[in-house]
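Below are two complexes that have chain A in common, paired first with chain B and then with chain C.
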Partner chain A sequence: MELRKAHIRNFVVFVLPALFLLAVFVLYPTFSTLFMSFVGPEGELTLQNYQSVFASGDIINFKNIQQGQFPFGTLVHNALWIAIHLPLTTFLGLFLAALLRDVKGGAIIKSVIFLGMVMPLVVGGIMIRFMFDGNIGIVNLFLKTFGFPTQTWTAYPETSLLALIFGSVWLWTGFSMIIYSAGLETIPKTYYEAAEIDGASKLRIFFSITIPMLKPITVVVVTMTLLWELKIFDIVYVATMGGPGGSSNVLALQMYLYGFRAWDFSKAAVVAVLITGLTIFAAIPLIRSAGEENVQ
Partner chain B sequence: MKKLLLVVFIFAATIFMGQQITVIGPWSGAEKDAFTPVLEKFEEQTGIKVQYQIYRAEDLANLLPAQFSTKRTPGDVIFMWTSFMKSNPEHIVNLSDLIKPENFRPGALDNVTVDGEIIGIPYTGKVKPGFWYRKSFFEEHSLTEPETWDEFVALLEEISGIEGITAPIASGNGVGWPLSDVTEHFILTYGGAELQKDLIAGNVNWTGETAKKPMNKLASLLSEGYFGEPVEWTTVLEQWWQGQYGLYFMGQWLTGMVDDPSDLGVLALPGNEAVVFALDYAFIPKYSKNVDAAKQLIEFLAGPEGQTAQVEQGGHIASANGVSLDAYPPVDKEIAELLEGKATVNDLDDSIGGMWQATFWDQLKLLWVRPGRLDSVLESLQSNMP
Partner chain C sequence: MRKKRLAGNILKNSLGWIIALVWILPIAGIFMTAIRPYSEVINGWWQFEEFNPTFSNFTGALFHESSPLLQGMINSLYIAFPATIIPLILATMAGYGIARYRFPFRKTFIITVVMTLALPQQMIAVPIFQIMSSLGLVDSFWGLILVHTAWGIPWTTFFMRNYFKTLPVTMEEAAKIDGASDSQIFFRVVLPNAFPAIASAAALQFTWVWSDFFLALILIYSPSKLLATQRIPLMRGQYQVDWGLLSAASITVMIVPIMIYILLQRYYVRGMVGWTIK
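Our next item is the complex of A and B:
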């Protein structure tokens, strides 16, 4: 009886306030946004907002996809971001974490790489703009050295999105590197010693011990990176504002443009619902992984 | 206890010291310095303290709808896009009893009149007269101002042949407005002031032949490579001043941004008879707790006295009647006189505003690097018209 009372007291004191806050600040806005996405100009419930947003070509631009010219639509741009940025940052982070593990001064190098992650993304966006600038950009300086043609890469529809994606790799690699570094520390040294005694090569050790042991870490890195890529806004807003001609536009910026340029909050809600759906879908592996850990 | 008394004293002193109102405007740096004397003059005359806060219109567009929905306002007098004011008249104080159209340049109140009610004031404005050049650059290379389109193209060809030139015309980038200013100059020259007014009103289709004509002229120059790659507008200003470009299209505020304004010359496209006179507009939100004091400031800013104080600082042209030409610095006086013979129109994208403005700026960035996509640019502009 006493135990039951303690359970109820703990629930009321610790769980209920958290549930209340979740309901007020997460569930209510989420369902309110979902509802708003179905509200028409006259206050009626309709699918018109969804039809209008998807028919506009802002989300997927089939005509331009067929013609092979940017913009392809914000959803496709986010997908491209994931296709390029996710593997690059994940593998680069793992590679750097493994490389700098036992190196003297490795912590300092890691700190420098992690600076990109610490920096506000607005500042990162401005830096990307300057990095790819035709006159003063470091990328062009590098290309010029090897005799390649130079230009302002963010100014052209074919290269603006790619410039942002590649530019943002250094901003995010620090995250995966730090998480992997922490993960590497959890692998018992005896595994490596045993493998070395058995005559396994460094490469074999890496693929047969390091990578499998880092699987839970990889789930975290991939999921968090995926969520970041789906919600990407700041860098694009500052560096190109989605241009030129929408060729580097992304879902979150499109939501902002509908909401705060067109002042059409129903259309903005449609994009918000789409982003929320995609992020929930992307977060499933992480939630499942956390569930498995709890069971263990 | 002493601390508590001190807090109470400061609080009471703040209340009884006098009225204070907050003005929100977009100007920072040198532009803010030029606005400060106007506010100081108002403070001297009325004893009302004015606090100035900087917010760009883009930021206000995010902030104000949320504030207004809770019947709050961050400022008592707010400088903002007229498109925003027209979309939100229910949140704005009616100024019809205070502001009379006959006291302003013709058309100055068009953008702030909703259903016959005046909801904002035109403050001073800036003219976008044409392509600026350095007189010394033209003299050094024996260049002359063109009288016809062919001469204009020949001039560009001549400039592109000069050693060290990146492109004949510098293209300012940033949010996108520098490109839209050049575009409007082409619309005004080869379509006339009426076309610009019709485009603002939505009476003319962007994909129709009338609107396409000036855009084709612009696209032809872009295709020939006479315009440089869009570069951040203050950076390219430096490069233009140093001789990397021959011409630079910019509003009259450029006169305050160069080392030697006396070396500046300006040429319009041949045949141009209209210029954009981009006014700054302000309004009073209904939720201001100091509406009476705000009205006093609005009246001051809209009147010849306030506007004289502003134009004396340079870079501005008054919208109110009764501002003496003698109040202008020499360069601005020339521009003010130039206005006498030309039709003035409102800024195209500021007038339409909203999503269309963002689209216009973005599509022009595309046109600048891919002029061959003019048709898709125009289609996009048309489909995004409110």
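Our next item is the complex of A and C:
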């Protein structure tokens, strides 16, 4: 498509207002934070902030990792979050999208599962606390039925992080499920018919047609999920406040605690830069596809 | 063969509904806890020996003595409407601009927009706090609206631009030949056709602003100005969790995004899927 050449007037009217707000309230603060992370108390450029943040053990706590004792450090906690939450939500979402197509009332089930995505994350944090509560939590009802020990799972250092992670699977699975559901509709029926005529088994069809056809969607689901996991804040703040003893703390909450509880902006900036580095890295496929599309 | 298919069907249906219980039970639970006195559910909301539904948890949350949720809901609405409408107007124009016009640094602008989609709010938090302090806009609704507007612009711009790229230009060209100016084309021809995309973007932006917690946390602190999401953690009770109050408050706050989801379901899901599937 041929793009019209913009007169300055058109540029000013259409793009400049958005660009101005973006520059003042998003781009400038971003570079300001980056700069802040490298500035010492006397205004000199230094790596001191990074050293003191990493030395504190708030990011990676080698001693505790060796002893196998929480907290492992916020970066490790986010990594654990990704290691458990990413594969679970992705596969579960795909599985549910495929399964619920053939289930009576599948649309209703999808809506209920998607509620986890619709509710504010603050409420999501309350839901997690509620599910894992010692007295009235549904998780404990099941454990009790099968003779397992019960407790308020978010209140103990050994289990608080895992409870949050599994609770967040409950919240986020609706996302991949909805995206995969839409993706399944885009696969032409003729592909399946042809495979069936050739006598391919259901399983074979799934792995040889469905999965490859969904690859671009999987890239998007994985990218978005990674971004969500790296930015996780609200549910931890509400459910455990990173506790007990930092055992369920995550990077984004650590940044808040440094910046707005201890009022140490330099340390907060270091953590913010760390998260941003990770999210930009995770978003590379997204950025690349946006870049390619525009070579017209 | 038919028997086998029937068996498969039954298996699929029962598996689907058993998995569905994992999501249905907690939601039913929070609802049951909200509509019953706490003394009844203390040993689990699934106990039904006594069952006296009541609104007392809801009134207790809405008119809570230290942090009334009603005030929070009103404050959140004050924020969410302008913080949806303003970025949508600006982003619709910017999205149209980059979809149709050539101008210097166009590609840089698009890449910047996509990169800001990946940014965590933590990256802007401290400077935003400092800027707002110097403007005297800390603890002010306008300060928060401004930040939400700026924060919402990248994704809404990107979203609208993707939509405009799917609209055929022939109508706009026809209008041009008839002598319409660029702004006339935009308001008379383009905007009416962009309604589905605008509805999608509005549904999502409103939901996100309503659900936001972090930006409110760093910018709003007066007890009377706290937003709905900020009041939920305050309902927890000092020594013991008051689940009745907490679940009623949770339902009250999530009812708004759920209503948007139900009313605008078509647009909502399309908005969510829209940025991912072309």
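In this section, the second predicted complex is superposed on the first by the 262 of 296 C-alpha atoms of A that agree within 3 Å, B and C clash if a C-alpha of one lies under 4 Å from a C-alpha of the other, contacts with A are read in each partner's own complex, and residues count from 1 in each chain.
In this section, a contact is a pair of C-beta atoms (placed from the backbone, for glycine too) under 8 Å apart; a residue touches a chain by one contact, two chains touch by 3 or more.
From a predicted model like this one, the values you see are computed outputs, not experimental measurements.
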item	value
First, second, both or neither for A:I217, with chain B first and chain C second	second
Touching partner for A:V53 - first (chain B), second (chain C), both, neither	neither
Partner chain(s) touched by A:I126 [first = chain B, second = chain C, both, neither]	second
First (chain B), second (chain C), both or neither touched by A:A283	second
Contacts of A:G243 with chain B and chain C, given as first, second, both or neither	first
Greater residue coverage of chain A in the superposed arrangement, chain B or chain C	C
Touched partner set for A:L257, first chain B, second chain C, both or neither	first
Which superposed partner A:N135 touches (first chain B, second chain C, both, neither)	both
First, second, both or neither for A:L171, with chain B first and chain C second	neither
Touched partner set for A:A268, first chain B, second chain C, both or neither	second
Residues of chain A at both interfaces, chain B in one complex, chain C in the other	133, 135, 260
Touching residues (chain side chain B, partner chain A) in the complex	61-62, 65, 87, 173, 175-176, 229-232, 235, 239, 354-355, 357-358, 361-363, 365-370, 373, 377, 380, 383
Of chain A, residues touching chain B in the complex	56, 69, 133-135, 151-152, 155-157, 241-247, 257-258, 260-264
Complex contact set, residues of chain C against chain A	9, 12-13, 15-17, 19-20, 22-27, 29-30, 33, 41-46, 90-91, 93-94, 96-98, 100-103, 106-107, 109-129, 131, 146-147, 149-151, 153-154, 157-158, 165, 169, 182-183, 186, 207, 210-211, 213-214, 217-218, 229, 232-233, 241, 243, 246-247, 250, 253-254, 257-258, 261, 269, 272-273, 276-277
Sites on chain A touched by chain C in the complex	1, 3-6, 10-11, 13-15, 17-19, 21-22, 24-30, 32-33, 36, 96, 99-100, 102-106, 109, 112-116, 118-123, 126-127, 129-131, 133, 135-136, 138, 141, 170, 175, 178-179, 182-183, 186, 217, 220-221, 224, 227, 230-231, 233-234, 237-238, 251-252, 255-256, 259-260, 265, 268-269, 271-273, 275-276, 279-280, 282-283, 286-287, 290-291, 294
